[in-house]
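By written order: A, B, C and D. Residues from 1 in each chain.
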């Protein structure tokens, strides 16, 4: 197994330290993403948003966490107990495992294997199983409908997502995330450089990851006006908080991947480094929230139709186009 | 084209980022000014002699649609100030739990005794907290701003053929003129720098002689909030802020 | 799966203005009609497919988008609804019986709570009935104030509908919530106007038998003009926010009501007008001060949720125009024809009966009162438009998905307080 | 040493999951145990330096096939609520069959490795080598397989499609 940049000589030490850095960083990002989203949405709606805890509600995520921890963990009597308890844990594991291969800067990565991108996408596609488990084990009809929608949506949108990710892979000729970022050296970001396919692939990746991470306009599995709360209907307390956290982590990973694959990763004008990476991924993150609080929701069959009739052919065309580009260059 | 209309939605939500906030954190910092007719809670007031204005006639008890007022009528006794006999109320309770704020009790009061307040009653932890006893009602008189609507003013406003003399200031030949005249007067009283003299003049002019007394006693009541903006009026809102 | 009767519906593609209408019992019905077979909503569930896996889903009474406490029992095949049965009565408060116990003076604040989205209309309807019973002529100033208030209330009600409809199709955590907050921002302006006028933001008790209880305060008309002008400009913003492919995909062709079905079930108001029937009590049977002003009635022919949205938004603009026009012509004079109320038994009509109906934001709101000469009405029947809208649900739900049922529910805009009374 | 430990753990979990797939009385549990088995297999691939294969295994089998199976279970309610009955009678025969299969595979692999037909370690992780193997050397069988799958797919659609009324 080839290792990416090893900051700390010993792979064990490297793994441990990077794990602590990346995981705590990601958790913090996810927690403050909630705060940011609440503030952002509130300002869009002419509200102040959280103001009470800390300056401008800055301690609100911590207060929420403490509240969730204090709440009782209710299990419905007819629920499938082991699955019900296991599902939220597994839901969090998938995005956390994905973080291991996502570089946040040169060398700032758990491990950068030759199939890093494929690994990340494969693991995040696993998330649907625990989500399904949660919906199934709740033994609630709304949760079941939500699980059904989640499963259908996830398996459909995995394909356009992979096809969109194939474009930078074809252009670079490598699955390694580090190589893909290196290929965008000198501002030739894949979102803009091969003028046609790159940009559309970026859009495709963006919208497919919106669907993968269940964000509006594709938040059908948890459509609360129809399914109360989708799979999380029966969850309470911190175990609900875990699913919630996983969702935000998933969104953050999707935006980080978009930044890495299409926006040049940690490269930018001026010194390269984690600041560019964070800036870009948070920008994509903000756009996701902006869309989330501005658009309405599609119906599930329309979503499927869009996936199979628009996104999938578009993805295939894009992969072909980028392959032709590579050949002609 | 259709994608442009999706961008329109994004534009609308983005341009709202710059608009002023439309809501306030719940413990009001007192910045919201309620309309002067705003009605929320109740107060019983004293008349101009400093006596309790309620004569215990039980009209409000009879008209209340949700039957939450109970009045105990006391024996007639001479008033200490004027010496004339008048009715007294020995007990008065109003259950705010079931009140629908319809203002009918105010409208029928012949003595201008029950007047609504512009401030919401503080939420309580027990049902008794929202049960307004006679003491609470009389205490409310001094606590916060009262609404513009006294029984006299309401009835004047609704009277199809007012018999009272035409006020000098108001436009003649208009039946509704006195009503319109009363509104700015009350408006001025809620403003902080209203002089008591300017306040009582139109009120005295518009009211017939019988109603002059209760109309006159309103201004001092309404003057309390501006005069003591810091102490008692703030005292009512302080606990809700905390 | 179809009933023996055939029904007729306007041809697809007909636009507003091109529809020729005939007068059927006071209603204008589209002339061009084609045949349609309608499925039986109360289809026996066993006749569907005994082998099929039907899931019975109780939507409500506690559900985010049943608009209060409606309970709809859905029989689902996958996510497609086979049968929907609405259960009413979770908000029944016995208002009609209460009206028999209370006197004419006391009823107004009680019926305020029926249609809790447009209380002004309830007061107007019931007091107009009492006035018809008493044969009282309401002074013109009161009529104008009532009409202006009614139109502002219509704007407020439609704003609330637009916001909650956004919640239904767009999600409470999403664009729908943004639309909801925006419409509520403008609705607050309407409520502020009422607060200035009556002292209450919602359950006003401002109408009474013979007139109004509150006269226009100084400067109110200026405030109304400012606020309504502001709202008119914001309506454009809602359209920019909402009219995009997502919203159209969710509403076009959803919950289609053909005009014959609408008339059979006694549906009225924007739903009826969205189905192509040009019927508006404000214009066709003017009451209050509506005969003093020209009223343009927006009509759509599609009969789906999108048409209902279009009708309501246009109605909002129209209401703003009507309110502003009437506001300029408010005459001077008394606001009540009767002496001020001094006691609960002041109003005592002679024995008789009266039916009065007005155009509430949801349609024809009727009140039927019988008096036996006592201070209490002998019988007081309310004819709420929402009840008839709720009756549409079994016809619209079969064959649509759960998401569409939610959108249909939202677009019908019934108020459970009024349905159950 | 480390790889040995990983191999043992993954192998044991694979065995346990495989047994639970068969033994579990709840169909949903069976499918979920199958997911565990597939993920363990992917782990085994990683210990053999076949990372690409592992990723594909997770992506296709765990992400795709398992989800489809769960989906199928959920859509047929009678299947979901049914309890699977296991008789003890089949245990001996099953065990014998399993042992026989194991022996067969062992023999086959041993012979293959002796004759040098096995792909060399490290080639599996190399996508370029894998690609050239599939699309150049084994072109015909690969395409034949694709056509077979396509035919199966079309057949499934034809079978499952309702006749239009």
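Details
We adopt the following convention: contacts are C-beta pairs under 8 Å (C-beta built on N, C-alpha and C of every residue); 3 or more make two chains touch, one makes a residue touch a chain.
Keep in mind it's a predicted model, so treat the numbers as computed, not measured.
In terms of the distance between Cα centroids, subunit C is separated most widely from D.
The chain pair with the larger count of C-beta pairs in contact, out of A-C and B-C, is B-C. Rounded to whole angstrom, the centroid-to-centroid distance between subunit A and subunit C, based on C-alpha atoms, equals 43 Å. One inter-chain figure worth recording: subunit B and subunit C are separated by 33 Å, centre to centre, where each centre is the mean of the chain's CA atoms. Mean C-alpha positions place subunit B and subunit D at a centre distance of 79 Å.
Averaged C-alpha coordinates give centres for subunit A and subunit B that are 56 Å from one another. In subunit A, the residues touching two or more other chains are 44-47, 148, 293-295. For subunit C, the set of residues touching two or more other chains reads 55, 175, 178, 181-182, 185, 241-242, 244, 246. Of all residues in subunit B, those touching 2 or more other chains are 6, 9, 12-13, 16, 22, listed in ascending order.
On subunit C, the positions that touch subunit B within their shared complex are 102, 105-110, 112-113, 139, 141, 175, 178, 181-182, 185, 188, 192, 195-200, 203, 205, 208, 211-215, 217-218, 237, 240-246, 332-344. Those residues of subunit B that touch subunit A in the shared complex are 6, 9-10, 12-14, 16-17, 19-25. Against subunit B, the residues of subunit A that register as touching in their complex are 43-48, 51-52, 290-291, 293-295.
On the side of subunit C, the complex with subunit A involves touching residues 55, 57, 63-65, 79, 166-178, 181-182, 185, 241-242, 244, 246-247, 249-250, 401-404, 406. Contact residues of subunit D toward subunit A in the complex are 26, 28-29, 32, 35, 39, 46, 49, 51-52, 55-56, 58-59, 62-64, 66-68, 70-71, 74-75, 125, 127.
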